[in-house]
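For clarity, chains are labelled A, B, C and D in written order, and residue numbers in each chain start from 1.
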Amino acid sequence: MITRRFVSRGHLIDSGILASILNLIVKEEAGYEIVKFEIGKTNANPSQLELDVTCGTSEQLAAVTLKLVQIGCYEKKATEALLKPAPGDCCAPEDFYSTTNHKTEVFHQGAWRPVAGQRMDAVIVIDGGKGARCSKLRDVRPGDLVVCSSESVRVFPPERDRIENDLFGFMANSVSSERSVNVAVAALAEELIRQRKSGGKVVAVVGPVVVHTGGADALGTLVREGYIHGLLSGNALAVHDLEYQFYGTSLGIDLKTGKSMSEGHKNHMKAINRICGHGSIKTAMESGDLTQGIMFETIRKGIPYCLAGSIRDDGPLPETETDMIKAQEAYAAVLEGATLVLMLASMLHSIGTGNMLPSWVRTVCIDINPAVVTKLSDRGSSQATGIVSDVGLFLRALAQKLSE
Amino acid sequence: MITRRFVSRGHLIDSGILASILNLIVKEEAGYEIVKFEIGKTNANPSQLELDVTCGTSEQLAAVTLKLVQIGCYEKKATEALLKPAPGDCCAPEDFYSTTNHKTEVFHQGAWRPVAGQRMDAVIVIDGGKGARCSKLRDVRPGDLVVCSSESVRVFPPERDRIENDLFGFMANSVSSERSVNVAVAALAEELIRQRKSGGKVVAVVGPVVVHTGGADALGTLVREGYIHGLLSGNALAVHDLEYQFYGTSLGIDLKTGKSMSEGHKNHMKAINRICGHGSIKTAMESGDLTQGIMFETIRKGIPYCLAGSIRDDGPLPETETDMIKAQEAYAAVLEGATLVLMLASMLHSIGTGNMLPSWVRTVCIDINPAVVTKLSDRGSSQATGIVSDVGLFLRALAQKLSE
Amino acid sequence: MITRRFVSRGHLIDSGILASILNLIVKEEAGYEIVKFEIGKTNANPSQLELDVTCGTSEQLAAVTLKLVQIGCYEKKATEALLKPAPGDCCAPEDFYSTTNHKTEVFHQGAWRPVAGQRMDAVIVIDGGKGARCSKLRDVRPGDLVVCSSESVRVFPPERDRIENDLFGFMANSVSSERSVNVAVAALAEELIRQRKSGGKVVAVVGPVVVHTGGADALGTLVREGYIHGLLSGNALAVHDLEYQFYGTSLGIDLKTGKSMSEGHKNHMKAINRICGHGSIKTAMESGDLTQGIMFETIRKGIPYCLAGSIRDDGPLPETETDMIKAQEAYAAVLEGATLVLMLASMLHSIGTGNMLPSWVRTVCIDINPAVVTKLSDRGSSQATGIVSDVGLFLRALAQKLSE
Amino acid sequence: MITRRFVSRGHLIDSGILASILNLIVKEEAGYEIVKFEIGKTNANPSQLELDVTCGTSEQLAAVTLKLVQIGCYEKKATEALLKPAPGDCCAPEDFYSTTNHKTEVFHQGAWRPVAGQRMDAVIVIDGGKGARCSKLRDVRPGDLVVCSSESVRVFPPERDRIENDLFGFMANSVSSERSVNVAVAALAEELIRQRKSGGKVVAVVGPVVVHTGGADALGTLVREGYIHGLLSGNALAVHDLEYQFYGTSLGIDLKTGKSMSEGHKNHMKAINRICGHGSIKTAMESGDLTQGIMFETIRKGIPYCLAGSIRDDGPLPETETDMIKAQEAYAAVLEGATLVLMLASMLHSIGTGNMLPSWVRTVCIDINPAVVTKLSDRGSSQATGIVSDVGLFLRALAQKLSE
């Protein structure tokens, strides 16, 4: 039997971390003994845990350790991180440590070093003198020093912020369509005002459904009024926005009357063709042909954005980034420093964004399909708060609330 | 080979009836020959069809006939309806004709007689001198003269009304959540104004989700302003409405703040208990304890309503009809003469209502779950137009539109 | 400032109870101080908590107490339960204690008394000498001694059973359609075998979709082989089962070929009429007319069942209980002593069942719609484990697995 | 008033084309007069229609003409196609004709010329001497001769094939989860056998959910047994397949036990890293490291495939095509000559595929979410037949049926 001592600190109880730790150990069929447990006497004080974990084999103990590390429990006696040189391009040593999206530190040269550029599914590379950073597999170069095994890594899952919980509390209960969305509208409006006042960075991840369901004017207003500071989407959102601005339709449906327009079905192709004639959305704006809309407000404000291409694109528009490697880089750049991410009815781009986002960035996901939030959560973006609603009606109500 | 001649009249082409007739015959592996087909030269003129259908056996021909009858094609040479006495209580002769929800006539004593009380899944009973009427199986009494076989029956599926199509056209396309609901709000508001002006009868079928999602005030306003003339629901809608009126909560969630209230979880039981203390909702109103809400407005206006019980009821409230036979009678009475039915997020009561409703009553179904409309349609209520949206936001937008 | 001391015992950490307690206090804006906390050193030992809760007013403290009681924390210094006579028929004193579905005790005559007939949304009545029992509001009679306030009540939320967790672990993660259902089939098969061997009572709550999706034969087999010991459903399940047994169709669709049958649309009415001709399902069996199917196997085995009526029923069948009060009584009787409840694609009857079921009865819910499990949970039946799948395919795979 | 004469030929009635034509004219507020209508006397004969359409303005008439053309009605007196040179790169003349996915002909140099490479949302370019072909906007080069206006174009919507209807009839009714999927399994198995026998080309569009839900072995078998002749997917499907082959898990969940594996969460990154170490999937196969699975069978059989990149990709794998322009070209190449397309739980790739596919290619879409089929249809791929089911269970049942 082999035993190793672990420690954990923080709001272990109310954030559910202690429960996770003990449940994990039992599930893994290891044994434990609590060596010390000091509970925070009041709400203001963190708790401290020290416990011994016992396994039959060292392999099993290594496996349990890896899992404990990922939920915020680390070895008491830190050992120097095991570094191995990457064997090739885009290729890490076999036992590389694979990151979560939580705040992470690695024990290197006698101290815990913070890891920069936190994101999930990365490796940790130690730069000579420059500390530790997340690196995507495809950015690994031969000889890069990669952290291997999980024994010198510690992870800090986000402690639930009570003020935040209070604000978004009602949404946190469950992903249900049976909630009064007016409360969510009010809470989000309040939060957007707070973000604007405090210089936060709000990034909107937007699907074309926003235009179909009549939310384009409202979202344009939010951008113009300074509530949005980054826009992530795909070719379709821009095409639908442009079709709506040029012809008043979305996929050929007149958004004022709901009727299918004469020649309407070709309007989205005409919109692309019109932009291609100008050369780009930007030149269409400069020529005075495009005078409003989501893309117009975004470009006029100089807000960073990226339209990622996809296999289903028509066109695409000149602004669309068709190479996915470059699109991911551009997304990551827009997300740098984000303090709030709004995911508006776009599963594809929301999951893409979730992959790049540290877990401490507050994220709100609005979709009529409850499965979207479940999926985000299944893929590790468990910080996302879900609101099941009609995104067009929601955005209109939000813009109205903000203008009061 | 046996041949029988059929006729059909009306907007056979644009309502798709002719296509249905021919497709059906081919599917049934029968043969046909068009004897005469006079197409309406212009939009104003109906078309006329006469065709011979040929089968190998008389059983097959009888089966095809039954199906043809149900889609609006009937034998040219009408024969007297075959009447058989019911063998027992709640029991029809084995070959009874089972009705659709379309307008129906039966050939009796030398003439086509209209059938009264049209609804689906009924038998047709001939009353001495009093003509034909739909009767539920359970209302059949021994000796009742029941129409058997389908050879003396003709059915008129609703021809699509072009004006109507125009108004609701955009919704008819498909049941998708990717539509701009603002257009639906405007179209429905216009229709409600038209109904009120023209003395129509609008019946709302309402689920408790209307209260959870913050639509209770809006629906109360619609009732008060005279847009609703009948209310069909269950115990839960009334309990949630009362909980909201008495305590501001719905299932314990404060609808103003979205937070779970102190003691909130028991508020719905308290609401039931409070009404039980008064004796009924009505006496609670008379005592001044209940002063607003959906039930309040409904009862004050003297609008006919029925709260049908169900297996999941708490309480139930004194007003709830716990016997399903009586509840169905009461529902049918409220639906008598309805000109528009709004189904608001209640699958159970919507299907129950659909079963009783003739197919020519315009029906709009609002639900966040697209499957509800599919289900209604699968069960024969294909006249229902679906709007996939958040019912609370929808009702608020509707009430706002109506007040402009 | 008023302070009260509370205690809690059990697997407080790994069941998440301690986290719930502290989060609740903070949410309610009360203060707390941990007086004593003895953590179970190993997995086998329960933990013990003692803490002081402080509020500004006695009303607030009462409210917090009520909520603490419901999650398993009770006052250290037990006081005699406050009993008040019910003021009228179906009417409790205004401050009645409203039950949860968890195991409950009340402090009466110097000792903690267990409450019999545990279910949610009931009142607790003290019978002279006979102890405490749950009573539905409608069963309250004038003068009944009803427990008021929550200060002398303690509640034991179910501790998560680790063995169980292990078995059903994979399902517990989240309600997602992206799981391999084969594992669920195997786990459930194993559990059904265990239940049969150990003399458990398995109650199936069944929707008509089971027949539409081709699961009737499989469910019939489960009944015949002794895996099911109670059946709860509605009129529709029985009608569809009978239609399938008599005519091979479900709502007129031939389940062998998937095609719409000649005269098929009236088969469900013919099935009802045929049973009415016999007088009942049972007499149809005795006459040899009905020889297989879900209802056949159920009745032949003498398994208790109830078909609850609903507003959407056709017929109904003679066996259907159309009065909801009586149907609820019958459901409760069938559920008495249940050790496993299978909810098969029937939201209405599943919620009805959930209302009556103590929280310690293991419950598995199989539905293609993930929202059903969310709804069950929202309504207090949080013990339900959800499997998102096609119920017909699932039951066939389950029956096949059980026959291996 | 301006009048123009149109003609249409084919199974106008049973395919619903005549109804569409007349409804369209009325909706557009134009007038019509039927000049000639010869109905096919029996099922074997096509019908012939000639009608005059009258509008108030020539603009309106042009608009109506465009819409008529798209549903299979064309001008009697064909005029030479109006050709205009493209003004620039990726840019068509403003009034370009935008294609549907139906079979199309253009009247050029005195005859109707078939259009090659049919797909939706393309322009038609006339090559000197080489006839007409579809060209994507982005492939248009300055000076290309582009067909403008719709007056010299005729379109042939697919006539419903009765044999086909018969086979897939039951699925065509509606997109409902309430069907017996066993019938679909049998019908599809029969169709796959027929395709293999007759040398058809079956292309599978596959989402990673196929692996999560336990369908990987079954799909691998289908590929190995020669039922699949092209594979379209994304990076994730391959990663999940490889993770499953290397480690037995999918997103870290053991597919045999349903339990979360030790270190399982990093298995998908390890799988990518392992392939990167080899250089490619193919070299991993050659080295003997990869010996089974969907990708293995596909590559071993030499079946054409494309893995399109997306914004949410991890890795990506060396085989993944990250440039969307190239990925679309590769998809189109795989789809060339397809006779049956199976869309297996992948909305993104299914819509991408639908965009490229002519409407006469039979398409079956299997997804647990009914909204996917609605979306495909909304975007023009109305030929898709939907089956709402659990894709893993479905594929296992299909493979079992095929092995009988």
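Keep in mind that, in the parts below, a contact is a pair of C-beta atoms (placed from the backbone, for glycine too) under 8 Å apart; a residue touches a chain by one contact, two chains touch by 3 or more.
Note that the structure is predicted; figures quoted are calculated from it, not measured.
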Chain whose Cα centroid lies at the greatest distance from that of subunit C: D
Comparison of B-D and B-C by number of C-beta pairs in contact, larger one: B-C
Interchain centroid distance [CA atoms averaged], subunit B/subunit C, Å: 32
Chain centre separation (subunit B, subunit D; CA means) in Å: 37
Contacts with two or more other chains, residues of subunit D listed in rising order: 166, 169, 177-178, 369, 371, 378
Subunit D-facing residues of subunit C, complex: 169-171, 173, 177-184, 187, 209, 212-214, 250, 253, 255-260, 368-369, 388-390, 392-394, 396-397
Subunit A - residues contacting subunit D, complex: 28, 60, 63-64, 66-67, 70, 87-92, 94, 96, 98, 121, 137-138, 234, 251, 262-263, 265-266, 268-270, 272-274, 276-277, 308-316, 322-325, 327-328, 331, 348-349, 351-352, 355, 369, 371, 378-379
Complex interface listing, subunit A residues touching subunit C: 13-16, 18-19, 22-23, 25-27, 31-34, 37, 39-43, 162, 165-166, 169, 173-178, 370-371, 374-375, 377-378
